[in-house]
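Take a look at the structure set out below.
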Amino acid sequence: MQLITILVVSFLGAGIVYLTGKFSGRVRDISAVLVSLAVVILVGLAYNQKIYTNFYSLPFLNLSLSLRLNYLSWFFAIIVAGIGFLSILFSLEYIKDYQGVGFYYFMMLFVNAGMLGIVLSADFLSFYIFWEMMSWGTYLLISYKGGKAVAAGLKYIIMSVAGSLAMLFAIVSLYASYGTLKFSSLASLLQIASPGYILFLLLMFVVGFGVKNAIWTLHTWLPDAHAEAVSPFSAVLTGVLVRMGMYGFLLIMYSIVGLSLLHKLGYGLLNFNYILCWIGAITIVIPTFTALLQNDSKRLLAWHGIGQGGYMVLGIGVATSLGIAGGILHTLNYAVCGALLFFVVGAIEHRTGGVRDLNELGGLIKRMPVTFIAGLAGISGLIGVPLTNSFVSKWMIYKTLIMENYPFLAFAAFIGTWGTILSVYKFLHNIFLGQLPEKYKDVKEVPLTMQIPMILLSLAIILFGILPGIPLKVISGIEKSFGVEPLSTTMFGMPKEIGELNLINILAVLLVAGIVVYLIFSLSAKSRRVNQDDNYAAGLFVPRGKYQYSARFYDQAYRIIGPYLHDVVDDFYYWLVGKSKSSFQIVRQIYTGNINTYALYILLFLTLLIFVKLGWGL
Amino acid sequence: MRTRKIISIIILLILAGGFILTFSQIPFGKDKINVAHYYISKGIEETGAVNIVTSVVLNYRGFDTLGEVTVLFIAAIGLGAVLFTEKRVQKHASKSKDDKTKKASLILRTGSNLLFPLILLFGAYIFVHGHLTPGGGFQGGAVIASGFLLMYLAFPKQSINKKSLSVVESLSGLIFVGIGLFGLIFSGYFLSNFLPKGIPNTLFSAGIIPIIYIAVGFKVGFELTSVIDDLLGRGK
Amino acid sequence: MSLIYNWMYYIASGGLILIGMYIILVKTNLIKIIIGLNFIDTGVNILLVCIGYVKGRTAPIFSTSRINPTNVVDPVPQALVLTAIVIGVAVLALALSIAIKVYEHNKTLNVTKIRGLKW
Amino acid sequence: MVNPSLLIGLPLAFAFSIPLFGLISKKIEKYIPIIALFINMVISFMLIPQILKKPIVVSIGGWSPPFCINLVVGPLGILLATLISGIGFLVSIYAVSYIKEEPTEKYHILFLLLMVGAIGIVLTGDIFNLFVFFEILCISSYALVAYYKDKEGTEAAMKYLIQGSVGSSFILIGVALLYGFFGTLNMADIASRITSANPTYLFITLAFLITGFGIEAAIFPLNAWLPDAHSSAPSSISAILSGIAIKTGVYGVARMVYTIFNANSILLFIAFLGLLTLLIGEMCAFRQDDIKRLLAYSSIGQIGLIIFALGIATSLGVFASLFQIVSHALAKALLFLAAGYMIYRVGSKSIASLNGLGKKMPLTSFAFTIGSFSLIGLPPFAGFVSKLSIVYAAMQVKKPVFLAFIAIALIATIIEAGYFFKIVQNLYFKEGKNLDKITESSGYILIPIAILAILIIVIGVHPQFITGLLKASARELLERAGYIGWVLGGT
Amino acid sequence: MIFQLILIFIMIILAVAAVIFKDLINAVVACAAVSLITSILFYFLQAPDVAMAEAAIGAGLTTAIFIIAIRKTERHEKEK
């Protein structure tokens, strides 16, 4: 089954959807869903096949673009296709009343196709081409809503162009020194390269992928982009698109440079991996606690996206087989949870007319039960409660940190989880629990096409939570392709030699505990359902206001740690832009408008030329 | 203003130094003729023109002159475009000017009436004998233009019919390019001298040269007149 | 004496070119700048002609058949100068017409004041 | 076998005949440039296969090469001639319905003669003839910049004229000195005798010629005229000036440095100049709020990139700069045409007034987006392939100075991305005021914009169409012995 | 030879005068005188064609065009 068909189907599909959009909305929606479903099926069929095809040649640079499929690319391809399909399904209802809907569907499918292209490409040139197409596609989608989204989109595209130009610099220097850009041949050629050159390459690639994966210093575009983008696209953005940076890290650090070479970089403690781990650790702590302080639900989730990205970087930074597996598994887990939570926020936004401020919402549990369950599954997935998928991956990351005895990194990871629990509780409580304000009295549940993706993702969280073996089998295949000795895993968890993790026992224990709690609860005194406001208040008129105290949840915490968590990196970037703007203003004044000065420039240039020669010549 | 003067003087001194250095390599008056030997020795029998400069201008380097005529054509058209004022504005302007422009003095009017045909004759003589005596299309045209300039000075209100000027201009330009294209058709080279050379030193010799120079003479003459007319802003 | 003779025409052409450039650099009146352009053109024409001049030879016109071909001045620079003069006039006419239009709009010919377009 | 001298003779005949056609009926004049340039395009397309086998040397007037003016129609010449005729043809279609200002007959004559000048520069093999065609190009562009006769137009034309004529005088001085040194005007003849003169004094002549052509090629200190001229000229003219006129200046510099003077020591200095032009152009462009002035400054930036690539003396470097010339000509012509019509419809040049045009003029803004993405160098478009080959050519040189240069060039690309993305956002994602009466552009406007956009995508996706011709022209520029052989060796 | 030297000297003086004159008409006249002397110099350089051209175009028409232009704009060069 040709890889090129996947790409052709997805790119042409986007075109066809746009064209059908010209005729009728219904046909376009159906065809969009069908195209993304077809892509999911095609990727699913290509499970464990090893394919390598040259699909286009550029003779004047004697280069050829080629595609390949192995476990790593299949793993990310299925995530891209899955989340893409679900977000298209989710946006059927969501996007209905926006204008330029045809453009939206075209761009969604185009960005998905770009991501598939990145994941499947086998040489850096096609990798870069698809990477850039994905970037400017995302730029158009982020600024799709207009208003504040325009500034967010511009901020995103500038940082992503800067990152990808750094990457282009490294790619072309690779091509200039080795004459080929194929991953396989580069992997062997780089073994004999000088450590300094490899460090330079890795630095450039880390900048390029770091911007996309929002590691700490390069993360400032992410909160605005997620907050302003359309919810279905924010789900794709946080779940999959940002993880392309992760795919890039895995690609450059393990499949090209290779584990053995990585250890040789740097001396003692200062080697490349250790620094990466520390960046990962900082990326966990600071964004998670800034998430704590956010009042806008999307911004809160965006900061969590950065935080969870820190776990993944930490995982693969440790460079043990358990760590790498933990990092990759966490990529999948967070993709599922992040997308699910953004679907939840999107559903609420859809029903409450675009309200995202946590202090306004409340008590929606009665009106939107399915969304509540999905939200509950999502946040428990985010925290890593046992029986959810990220419990397994966080467990693996903690275990490897402890076994490799990095105490401070482990401590940072724990604090991260602790911060996640605090802020995620605020998220769930303010939206679903507490008293339902009047204006949301008639809020109905979201239509079916928006519920299906939420339900599917919640089931996935639970499924991978109980049976981690499914993704771990693929991940061990990936580790084999990296040359790292693969992790021996059972369907339900880890075998004894790496420390027992058997999820079936945990499941059994929790089931028993659940039944016992239920029995106690149902046998106890019958509780009478009481309407909130018919309590006797000695004849006083009972105000209909909110009794709920949940507004401004962590106010005290905000006053204490707020000043420290001010995003200093963002200010640095704005300062930099301001400084360059003023310097451009000075440069602009070269053209004074006076013709004598212009003639002076011409003659100065002539005399300079004569002097340059006389100086050198004589 | 002071600093600008000082800087420009320093620059000009450096340029002067550059000039001196370069001119020292080109000795004045020495025989540096290289390609031109061919023109001088074989000029007459190949082009039939006695005035070698004319044969170089029209035959050997005819493309330059074609470019040259185009440059003048562009200048005239460009001037017309830049100084173009809509019809109604012009009528209004010429009406208001009627009263105060007094007629030119009697001497000037009669003198120019007398001289004008002589100048035209002299101009025509120059460009007809382009290949025999020094002079040619450009010089003859300029003389004709100065003749028209004299008429403009003498009669402040009159001006030439612009329509006929532009027709003559484009016609003579077409003749020049047409001869070039004919050359291409007949002997395979653009602007080649396909007409019989005739006997040197007689009026009807040197193939296409006199025809082209007559066309160029008319063109330059009328173009410079239309330039002056546009500048004076009297055109109808 | 021969030194002066050799350098006489170069001084003339170089002087004219440098004076023309000085005008463009320093003078602020638009018409004065156009005069400067005219000077540069004239200077370059003199340079061209005196490159073609050979001492003790006559003009390249064989009106009387007794001039043998060898002692004639180089005709090519003269052909070039013919073209250059007419190009000079063309540019000059266009420059003056645009100067008239600039004066119509800005009511001044002082270049330091005509600075609508800058930065 | 079509004679290349038709490429210049025919449009000249058409130009002279426009006033005569004008007598018959006023409407015909608008279509003559289209016919003339269409014929030119067809001739140059027919010539390409033949020239790839063996370049044609055509002598004007029938004498053997060093003794007459000859047209050297090599791969470089025919590449640029095709580009000029093609873009000229498209812009002449655009001008039919865009130019409404009164003396339209004079506009079309000047436009056609500007094209003749550009084609003449690219094909001629004689430096004085190069100077004459350069004059034709310059004078017709002076007149056309002042075509609107408004305050801005005349001032811009004034400044352009003074600097341009100073430049032309420098070229004429250079030509005179070359004649003084070698006694011949034929480029190949001079190239073969170049070693016989003392290199130090020869360099001063090269300095004059580079300054002269540099003014038209908008190298850093010499390009003060460009922002004013391109922003106040009619849009079809700024499209031609940005797309073609600057390229002929760059061709002039390249011909002088590579073919005639073989001055390899100055190439590093030219690369540095190119980089300086790139940086200054991009920096100034960032702060503009007038759309055409912004596009003019971005032209300066792109020309800086072309000259930088020219300064890399390897064959891939020249190949990359020629590729960038083609992709920039297409993209910049498209941008100026699209922006020109938007300004014409909206009424003001400021970028803020372009808000929300994406919905009212979808096709024009879509084409504008393609053009700007191609200029930034995003993948599926022609700009990406040319920028990639420039970066690769600079990297291949392995000298650390070129690594620093290309890093700075990439930073300049970020600046360029900054302002282009801002404009694209204004078009699509911002609400525009009183845009109700604006409708999509008419037929004559859309055809050239659509064709240019399609060309950019086609060359971006499948660059093989033109890479063969580009490689041959890069070889022609670098191997000057080959050039001399064509002209002097055999007719 | 001496006569040519004197002519060149006068020409340079006239050129400098054209720079200094405030009244544009005087400057134009000086410019015409320069081109007249140039045409005489061309005669001495054995270039009759060019001499005629320079005389007719340089001295004749250029001066006329300049004066027409000055009449349409300002006559005196105001310093500031």
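First chain written, first letter: the chains are A, B, C, D and E, and each begins at residue 1.
By our rule, contacts are C-beta pairs under 8 Å (C-beta built on N, C-alpha and C of every residue); 3 or more make two chains touch, one makes a residue touch a chain.
Quick caveat, the model's predicted, so the values are computed rather than measured.
Colleague: Select the chain whose centre, defined as the mean of its C-alpha atoms, is least distant from the mean of all protein C-alpha atoms.
Modeller: The most central chain here turns out to be D.
Colleague: So which has more C-beta pairs touching, B-E or B-D?
Modeller: B-D
Colleague: Where the centres are mean C-alpha positions, what is the separation of subunit C from subunit E, in Å?
Modeller: So the centroids are 11 Å from each other.
Colleague: Between subunit B and subunit C, what's the gap in Å when you average each chain's C-alpha atoms?
Modeller: 16
Colleague: Report, in whole Å, the distance between the mean C-alpha point of subunit A and the mean C-alpha point of subunit D.
Modeller: 44
Colleague: Rounded to a whole Å, what is the gap between the Cα centroids of subunit D and subunit E?
Modeller: The mean C-alpha positions of subunit D and subunit E differ by 38 Å.
Colleague: Out of subunit E, which residues touch more than one other chain, so two or more?
Modeller: 47-49, 53, 57, 61, 65, 68-69, 72
Colleague: Give the residues of subunit C that touch two or more other chains, as numbers and ranges in rising order.
Modeller: Touching at least two other chains: 5, 8-9, 17, 21-22, 24-28, 33, 50-53, 59, 61, 74, 76, 78, 80, 82-83, 85-87, 89-91, 93-94, 96-101, 114, 116-117, 119.
Colleague: Please list all residues of subunit D that touch 2 or more other chains.
Modeller: In subunit D, the residues touching two or more other chains are 128, 132, 135, 139, 142-143, 146, 149, 154, 157-159, 162, 166, 180, 183, 185, 200, 204, 207, 227, 284, 287.
Colleague: Each pair of chains that touch: what are they?
Modeller: Result of the pairwise touch check is A-B, A-C, A-D, B-C, B-D, B-E, C-D, C-E.
Colleague: Write out the stretch or stretches of subunit B touching subunit C in their complex.
Modeller: Interface residues on subunit B, with respect to subunit C: 4-5, 8-9, 11-12, 15-16, 19-20, 23, 26-33, 35-36, 39-41, 43-44, 50-53, 56-57, 61, 64-65, 67-68, 71-72, 74-75, 78-79, 82-83, 132-134, 136, 138, 200-201, 220, 224, 227, 230-231.
Colleague: Could you list, by residue number, the parts of subunit B that touch subunit D in their complex?
Modeller: Residues 18, 21-22, 24-26, 32-36, 38-39, 46, 59-64, 66-68, 70-71, 73-75, 77-82, 84, 86, 163, 166-167, 169-171, 173-174, 177-178, 180-181, 183-184, 187-193.
Colleague: Any idea which subunit D residues touch subunit B in the complex?
Modeller: Listed in rising order, the residues of subunit D that touch subunit B are 3, 5-6, 9, 12-13, 15-20, 23, 58-63, 66-69, 102-103, 106-107, 109-110, 113, 116, 120, 124, 126, 128-129, 132-133, 135-136, 139-140, 142-144, 146-147, 149, 154, 157, 177, 180-186, 189, 197-198, 200-201, 204-205, 207.
Colleague: So in the complex, the part of subunit B that touches subunit A is made up of which residues?
Modeller: Where subunit B meets subunit A, its residues are 4, 7-8, 11-12, 14-15, 18.
Colleague: Quick check on the complex: what are the subunit D residues that touch subunit A?
Modeller: Where subunit D meets subunit A, its residues are 158-159, 162-163, 166-167, 170, 199-200, 203-204, 207-208, 210-211, 214-215, 219, 221-222, 224-225, 227, 265-266, 269, 280, 283-284, 286-287, 319, 359, 373, 376, 378-380, 384-385, 388-389, 391-392, 395-396, 398, 403, 406-407, 410-411, 413-415, 417-418, 421-422, 425, 428-431, 463-464, 467, 470-471.
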